[in-house]
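In the two complexes that follow, chain A is the common piece, with chain B as its partner first and chain C second.
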Partner chain A sequence: MTFSFREFELSPYIFFVLSGMIIGLTLSNIIMRKKGVAKLSCFLASFLVAVSIFTFTFTGTFKGIDDLSTIGFDGIYASAGLVLGAFMSSMIFREDKEKIMSSFICTAPLMYSVAKIGCFLVGCCRGFGYDGPFCVSYEALGEVSFFPVQLLDSVSFMLLFLMGLILVIRCKDLMRVTVIIIFAGISLRFISDFLRISHEGCILSRTQIILLFAIIVVIIATGVIFYIGRKDGKEKEHE
Partner chain B sequence: MSKKDKILIVVTAILLIVLIGGFVWDYNKFVLDRTLKIEITDDMKVVAMNKVGILYYRKAYEAKIQIPAERAEDMLNVIANNYEGELNIMDFDSFQEYAAGLFNSEVLKPSPMYGTEVAEIRAVDGDHDVTFFIDIETETDAYIYVYYLR
Partner chain C sequence: MSENNENKQWKCICGQMNSSPFCINCGKKKEDGQDPVPSVAASTMAAAAAVTMTAEDKIPQPQVQQPYQPVQQQPYQQPYQPMQQQPYQPVQQPVQPQMQQYQPMQQPVQQYQPVQNPYQQYQPQYQQQRAAYSMPLNEKSEEEQSRMKKVSNRLSIISLILHYGGAILITTISAVYSGMSGTELGDAAGSLVSILSSLMGATYIASIVLMIVARIKCKKAIFAKVLMWLYIAEAIICFILLIVVFIAFLELLSTCSA
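Then we have the complex of A and B:
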């Protein structure tokens, strides 16, 4: 089985990216509501996360308003925006921090998975040159075919989302679940980067170096959240 | 609405201001005005720009600026006077030969009209290199190509 895509008159990329965001943020809202977060707080937190995603991805990757065809959502910048937005929301609503953080982090792989379908259809973020089963070719790129790394990303992150959703619904220690999902997401992305055409000729790509840096940031952020959690717990005990 | 909701709205507003401020800061004409020693006047039009780096700090860019053909020589003098760089004027054939190996990674490339000359000015200005090409592409329009690298 192989895939072959002609050039689209209207790129489906932005449709999938925005759909992924809307579906993911709506689902986050539903999870937060189910966990008892106030309706207005859910809405405001989602809005903050959406703005944070846009701010990060556009600040990092925007080429220019004069050429809208070059608008790209860099997954790394968007993820950083999502994590920071969720972190800020959870720091503001400290009494619900685990619920808010876990709801957004749980749906992040879903957003990424849906967005990757857009990449798969248009041929960006493509894999290395490959002509085996499931290879993909694009009319715009000529006769060459590629490893379908975007499809692999989409499937693996969808599985991560389902696993994360089950954990968020069933587990009581939501902060631990959040950290597990973040580390699993970073690991999956780190591994899949080896299969990309952009990785050819280097030991570690720029993305992989950023991901390693992200792990350090996550460890520090986790430490801060646990420290604040313990401090809040002690204050409550005193009261 | 609780105090926490209000704090969250303020944080969101700050992020929005950062984003909108980035777009304004990165507006093509403003980038060119900040980084070049030539003025983009009303009869000049920024046709395309390809920018590299984050919104608030572009590491490099390419720009294609349309100018009336009769102003090509005037603009060449302005650039040559403002930048103490190397000036190189090539005829059509020499430019084709010169350009063959030069624009491999560039998105915007000069495309001079057959039989016209192309001027190139290369300069190092402070922390950046800047290269200008001026060519005449139609009977009425000339273009300035700017390649800026910090």
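Then we have the complex of A and C:
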């Protein structure tokens, strides 16, 4: 089985990226409401996360662009924006910090998965040269076929989303679930980067270095959240 | 019921048949001249009344307290059904616990006693305290609200400055830079623009955060509410513009490459 795509008259890339974001934010709102977060808090937290995603994506996309033809939204920057937005929201709405954080982090793999379908159809972020089963070729790029790493990303992140959703619904320790989802997502992305054409000729790609940096940031952020949670708990006990 | 017991019955002036020296209804003491009333119903009532007496009464009439068997036939026994789960125990129990079981019957007697509500004496004091504390509390909450509103307005102003200040500053510096191109100062301004453009995203997010904090601090603050809707409207316009510009850009790229 092989995939081959003609050049689209109107690129479906933006449609998939934006629809992924809208679906993800809507779903995280539903999860938050089901968890008992106030309507206004849900709305404002979603707004902050959306703004954060856009700001980070634009900053990442237009900074250091050499070739305009390769312009596109960077998933890593978008993820960083989402995590930062969710973190800020959880710090603002401290009463529901675990619920807000887990809701946004749980739907992040879904957003990424849907956005990757757009990449798969257009041919960006493609894999290394490969002509085995499930190889993909694009009319615009000639007769060369590639490894369908975007499809692999899409499927694996969709599975991660489903796993995360089950955990968020069933588990009570939401902070632990959030940390598990973040680390699983970073690990998946780190491994899949080895299969990309951009990784050829280097030990660690730019994306992988950013991901390693992200792990450190996540560890620090988790520590901060746990510390604040403990402090709040002690204050409540005193009261 | 024994004869002995029946002979001890006497009728109080309130009409209550009693066997004890005090009336179980009005609490009056039995007068010397009152005759005993020998009847079966009266004897039953007397038995019940006898049971209601506590050990504290200390009445020297042991024969009144002895026959407890008919008392169990009375309807008062019904609420104590759970106690009969052990059928032989009530019979084996000593007199004292059985008397304690009937203690609630003493309550009607107490109702007729002219005892004042013990809390009544504290009511004026309580009302005075309430009057003393309630007013300052209301004033305090109003003060707190107005203080929060001021804080919220301040945060909203800072948010507005951050939101549009960054863009205005960068536009101004860019305009100055375009006039200075080619000079040494122009290169310095160029690097400043590049740093500021990176900070622009941070100021934009910070403005949104401040707006949310202002909105939460005081939900009635109109300025924060207006600011929120302004930012939302702006975000929607930006979102639509982004889609249009991105599609136009891709179209332009495909035309150029063709």
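Basically, the second predicted complex is superposed on the first by the 230 of 239 C-alpha atoms of A that agree within 3 Å, B and C clash if a C-alpha of one lies under 4 Å from a C-alpha of the other, contacts with A are read in each partner's own complex, and residues count from 1 in each chain.
The rule is short, and it goes like this: a residue touches a chain if its C-beta (ideal position, glycine included) is under 8 Å from a C-beta of that chain, and two chains touch if they have at least 3 such contacts.
Predicted, not measured: the structure shown is a model, and the values here were computed from it.
Novice: A:207 in the overlay: touching chain B, chain C, both, or neither? Say first, second, both or neither.
Specialist: neither
Novice: Contacts for A:11 in the overlay, against chain B (first) and chain C (second): which applies, first, second, both or neither?
Specialist: A:11 contacts chain C only, not chain B.
Novice: When the two structures are overlaid on chain A, which partner does A:92 contact: first (chain B), second (chain C), both, or neither?
Specialist: Both chain B and chain C are touched by A:92.
Novice: Kindly classify A:58 by the partners it touches after superposition: chain B alone (first), chain C alone (second), both, or neither?
Specialist: After superposing on A, A:58 lies in contact with both chain B and chain C.
Novice: After superposition on the shared chain, which partner residues are touched by A:178: those of chain B (first), chain C (second), both, or neither?
Specialist: neither
Novice: In the superposed arrangement, does A:44 touch chain B (first), chain C (second), both or neither?
Specialist: Touch status of A:44: both partners.
Novice: For chain A, which residues lie in the overlap of the chain B contacts and the chain C contacts?
Specialist: 40, 44, 47-48, 51-52, 54-55, 58-59, 63, 85, 88, 92-93.
Novice: Show which residues of chain B lie in contact with chain A when the two form their complex.
Specialist: For chain B paired with chain A, touching residues are 1, 4-5, 7-9, 11-12, 15-16, 18-19, 22-23, 26-28, 46, 48-51, 54-56.
Novice: Applying the document's contact rule, which stretches of chain A touch chain C when the two form their complex?
Specialist: Interface residues on the chain A side: 10-11, 13-14, 18, 40, 44, 47-48, 50-52, 54-56, 58-59, 63, 68-69, 71, 84-85, 88, 92-93.
Novice: Taking the complex as given, what residues does chain A use to touch chain B?
Specialist: Of all residues in chain A, those touching chain B are 40-41, 44-45, 47-48, 51-52, 54-55, 58-60, 62-67, 70, 85, 88-89, 92-93.
Novice: Name, in rising order, each residue of chain C that touches chain A in their complex.
Specialist: 198, 201, 204-205, 208-209, 212-213, 215-216, 219, 228, 231-232, 235, 238, 242-243, 246-247, 249-251, 253, 257
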